[in-house]
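Letters A, B, C, D and E mark the chains as written, and numbering starts fresh at 1 in each.
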């Protein structure tokens, strides 16, 4: 089988990292976003299904207090600004700005976790009160899990960016992380509506 | 190759020749309007789909065994596609797809029509029976506008022939499914929900129903008897069920009643006319008039009754009737007493 | 850069480097460390894939033994071989193992092994995730079976309907082990799905545009998308179940606003697509085997791809036909009748294309083709009984009876296991370098086919004459005795067929005929490398010019083999990424080295999952080792020690 | 008079409860308190300025309610029956203590009963002796009022069976003795009626009426009418069959016994029976309105109050809830439970019956007090019987015919929408009907009703009925009840919580002529004590924390309060002592259904403890403890 | 590097747990034979003449077994235990979920109380409830205050939510003058 291979192209000129859909990681991130988005959608469907049961909604409880959930919404939407900025400077591979962006995003992330803790306190129900309480806790908890994982990711990336691990691929990691944060924020908007607005409409 | 087919036709032949399709629990031996319509639909589906299957098998057979053109490419596969053949096959594919679609559409329509027809019976019900499934038996309540004319029985349903009966289906524990194949398809009993179905028997007979949704330990032994009888006999039966339990006639039965009312029996069972009024287990007011014991597990007989009371966990392991430590004398008395409850 | 031109040339794949030297260097770069450490830390998709195959097959055999035990119990009426409690555990374990631990993982196993080879890349995307997925799957399977052996096996059916599976009616931890096994296997399946999607999207060999993707790969791609959309449903529902059982939520408590049918909706929203998740890869087997043995390209490539899409799409619209008896509104049910029947159209198209391929080819009746023919015979019957089940009135009679048992065994064994055995015979030479015995293969097929039909055909009739599913016993005199005995006899023959296969494999591993690169004369890329393939799959990344690249070499080049591309590094693990649609070369990305961290992370996940059967705090405490594991996993190596060679 | 309180309460009815267990401050309630304080202050000022202004003379003109004359003789200073008189007015004509001097009220003497259970009974005062009956073990004490400190004259211990405690649904209470012709009559928990010589404490006779092995107990206060002692049983939660019986006061032999379920002959329905509504007519409705045999364990006990109109020669009594609570287990109207009977006291034969709650859904016993009042209705004076019912409506019935003249809500109700006066039917709200295996949420009022047994008082001076009641709502889930003789037969899981506004108790002054609330006072805890009103225009009642309060009967302004040793669920009385001065007496000792959390030391982590009551008053454990003490109050003598 | 360590430890712990599960998950509908406990084995106080007697047999067959406790819960409802003792909070009868045991809190004590009845209103169920069911009920009663192993204690019922389910109840340390039960939780 010692045939001489028939080389048609030399690909040595190809780059070794790229942002966005050119990279495999971006697609992987997208895949997990799809999975988690489906999870959110199904949990939301379960919410509506339970709401459709012959019950008052919420059954015997006041809807969650506005304050913390809405604060979270504003905080998250506001966090999109530094997030998108971080994304942009990561595309430019500007190390100083990326560091600033990551520090800001870490701080914002931790802040959302604090707010989330207060949100649980203001739900006006327990998970074991009734099915409403259960689904409300699960929805909020599911989203909190995403906050935790993304913040963990952001913190690790921040650490990497301040140590000797800086290389072009780190910047694509940063942009992928930004994409994921966008997802976490965008997932919150309908969830916020579900948790805070829907019970007041019915 | 067509072994499946042969076994299939063998099976069907078997089914038709032997008492196979006939049976007390057979969907193919309909004794009610709905079961009849469904069986009809079944034979129709079977006919149409059998033809489809034969066509596929024939195609496969021919495709596998037809004579070949040889030597297009001596060693390798014929990777060059021939336009003519491709076109012809594509035409065939289109026809096949359209044909499949047409058959599907027809069958869907037929199925829908039968479904409508069956549902049409719902409004015509003249009698209401409430069936509550419990692990692992059936509580059957005959409702009546006059509350004192309603009564309860267990593991048996009696129906007047030709009268549509509304069956209200409830469950308080897990999901069960109510199925009397000779009369109708199944409907689930779901805790937190109330379902309904309608039964109508076209002829007299005794049929067997069974729980068709897995419900735990003794799912296998959760059956019920359905007896279709003429209206007058049904009415007589109904009157007899309305009466309280007969007073014990002899000493043995009297002693048995005492045992029943003072031992563990009274914790779970009801016998109208006595102080036993617990609803954990079946109502025993007329237990001796029922065809079977322990939800269709044993045919009713005095001996089986004694065996059942003596060790219910051997006959139906895991069921909720405990082993009570009755002495042989006590057991004899209780059996005599219960056997007198016609 | 100080590196000289020489170094650059040496470090790259290309005409400058001899074949032997290229292979040696690639072997060094892609090697798995020797010994136990290497075994535990490998990220080679072929090793992981092989493990998946062996593990899943082991579960297949175990679950099959359970099936035999059930058939023994049911051979006659009122037999007492098994207690009801044991029987309930056994049938639950049989279904659960077959669905979650055998069928889906087995299909993934083939995807993991074959998809990178078929698309012409050196490794699967996210190989560490792949290793992780295997460990998680293995842990879940072992957990379930250990529980079963310890008499803590789930006993509420593979569908675990609430409230029977809920906290009140299933005391103890039996159901929790089931639910957590679901979590394990779904994590694994979802990870694999993402890997397959990215591998197919981004790592196809240059020239493998969408219309040249092998049908097997298409099947796996559609399946992976179905996994992505279906599996979260069962994860959501099994998590709800665990929460109901452990921390007192009320999702399925009708008293407090929950609903038992919520479980059924969520479960079947996963459960029905699950059937296609198992079936679609099997169609890929068929579409791979048929052209090779009919010796002509598949007929109706486009139609088959569209049928895959249609099935994948319609598969999500049918779940309610599992719930016709629950008393849902009849009008809605009729919609699901139509949708369920409609899925017969893409299936019919597939069957037609396969028969047409055979029709127009010059068939060679080797064992793989026998199994494919068996597949058509059996599966079509199962599909037709499926049409009956789609009808609301007919379903109301045969739902939850042995008719359904017969139906889905015809569909799943017919639709997946027959092709799977074909696939074993077909790819065994590629996996091992040796051929399986054809003579024993014919026996294998014969026993399997006869045994199968004997075991399952009578069940159609049993169902129609009233025998419900999941009963540990049945009374004498209802007329079910003879057919049950027949079914048991069939099951024994079926088991003999499987035993024949195991014997064949056992013998052939040592004594089988050497296979060579392409023993069947097949056309897809996995046959363009040695058997078994080297750790780096291909010496050079091939360029694809047709649907069957090995059959459609460009004019004037057949003598020289496939055209290839050069320029990838050989001193490090490097992959070629191409564009999604046209597969134009786009990027060279590094591929991870072997690592122990996926195993450690999997262990942490295992501790978390099993712990959370007993206490919710396990989620909190378990998260710490898991975080450590994941950070170790993703922590980058020190800055590149070998600088990027200069392009000359 | 102002009605802000009433209108606010009415406004709350339509509103949803928010989060249970969470007391949401209620702005309107706050405003109400402010207004009430302001008005109170103005009244105080007015009183201070014009102490000499005579109290408004009793307005005898038409347009005002007055007690049935024959049933309410002039006050002789004694208190011989719990309701004070046959009309059950609980009105004392003593006026020494009045709005002007009540602030000086102080303890005259006390007496410990030695029992630490719920003291629901009123003391009786006859001549110079006060009689007290305790909860189980139902000891009877006679205190000599003529001597300083009222020493014990004699005591009587009936020694009832201890096991009876296990079949008493809601604490081992006793609602009082009765006095007639030198005899005292008490009922014991284990189902006996005992006659004791009032002078010596010697037992005269005892008759065993109830069987505790079937769950029968007796907790009610007997009433003596025309030489007959009327006694009814308790145990509606145990599957007993309710009855009312008449014993010969001299011998204790049974004169007649009227069951609340079963054939007409058992119910004493005969030719005299002429109900107003068609739905009460028919043969053996006590059998046919039940599933087979269910009437034999169907409840309808008679554990509440009986009134008597000598003029019409009719006694009036209610029948309690049908059993079990789970209504799905007893389809039908479940006659003759949940209604009001008028009977001839001589024969027991029923004259009329009105079923207040046919097919009762919520354990709404119809046994509350029956006030016999003559009222102007549509311009004409009618002889009526007035009943603040558990279901939240104040019913006014013609006591001669049983016709419903009016039924107006006096508490928050969302389980029914009103009573059709033509048919007498109560319109239920389908969405609030209990369901097997489903929690039906936020039902108002609760199982113990808007108001339980604790009786109201009526003052002819103000024309107002003073209703001590509750403001609770509940979640209810029916379950299948198993009848096992001697164990409870209930079939429901209930959890209760504060109703709209967050307060749990309320005292409403109701004007039966205007059919409206005159004023009301909110209480933190449910009111479980009776009310007493006096000619001094005072209203007395106790709270479960232990406050004994005196209010201005016209305005509701609180004038005086005293903290007793335990919570008060007893019935206060007023009498004229041998020294000619007015005394007010009450037993303090928390308990009853509402106080079970304290006396049973229940665990309120279980929301269904005490059939749902424990959690609703879980904080009571931090406010009071068990006790059993008589408190007698008087003005300071000759300061 | 703590992760593998931790995992190993937790795996080992879980292995032990699962082995214990054999007994815990056994479903023996006939009940397990229990050695003669007899009145001799039961004490109702903590005051002894001379040396304290050794505790009675533990009957782990019942209180360590999820199926038996669950059956006990079912019977607790069916036999109207719950109508007097509510869901453990008490009503006519005393609460069962607190730390006070009037007549003793061992399995044997509870068994005896059910069979014998108690003078202040607890009926006797002797002859009415078969022996193995009494043990099951007694085991369930102990689970109400968290005396049984968590992994064997019941979860919530499909019913009105009255209180946290038994497996989530903190273990109440029996107090006062009567003997509590053995602490199975600590031994598992």
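Everything that follows uses one rule, which is that a residue touches a chain if its C-beta (ideal position, glycine included) is under 8 Å from a C-beta of that chain, and two chains touch if they have at least 3 such contacts.
Just so we're clear, the structure is a prediction, and the values are computed from it rather than from any experiment.
Listed by label, the chains that touch subunit D and also subunit E are A, B, C. Compared with subunit C, the chain whose C-alpha mean position is the greatest distance off is D.
Across the two interfaces under comparison, A-D and B-E, the one joined by more C-beta contacts turns out to be B-E. Rounded to whole angstrom units, the spacing between the C-alpha centres of subunit A and subunit C is 30.
Between the CA-based centres of subunit A and subunit B the separation comes to 51 Å, rounded to the whole angstrom. Mean C-alpha position of subunit C lies 46 Å from that of subunit E.
Taking each chain's centre as the average of its CA atoms, subunit B and subunit D sit 55 Å apart. Across the assembly, subunit C contributes 85, 163, 168, 244, 247-248, 250, 253-257, 259 as residues in contact with two or more other chains.
Each of the following residues of subunit B touches two or more other chains: 191-192, 217, 266-268, 278, 280, 317-318.
Multi-chain contact residues of subunit D (touching two or more other chains): 437-439, 475, 477, 481-482, 484. By the contact rule set out at the top, the touching chain pairs are A-C, A-D, A-E, B-C, B-D, B-E, C-D, C-E, D-E.
Contact residues on subunit B toward subunit E in their complex (touch as defined above): 191, 217, 262-264, 266-268, 278, 280, 313, 317-320, 322-325. Interface of subunit C with subunit B (complex): residues 83-85, 88, 156-157, 161, 163-164, 168-169, 254-255, 259-261, 291-292, 295-297, 299-300, 303, 325-327, 330, 333-334, 337-338, 341-342, 344-345, 348-349, 351-353, 355-356, 358-363, 365, 373, 376-378, 380-381, 384-385, 387-388, 390-401, 449-450, 453-454, 457-458, 460-461, 464-475, 478-479, 483, 521, 523, 546, 548, 551-552.
Interface residues of subunit C facing subunit D in the complex, by the touch rule stated above, are 254-257.
Subunit D meets subunit E in the complex at residues 162-170, 237, 437, 439, 475, 477, 479, 481-482, 484, 486-490, 493, 495, 596, 600-611, 614-615. Residues of subunit C touching subunit E in their complex: 85, 146-147, 150-152, 163, 166-168, 171-174, 244-248, 250, 252-256, 600-601, 603-604, 606-607, 610-611, 614-615, 622, 624-626, 628-629, 632.
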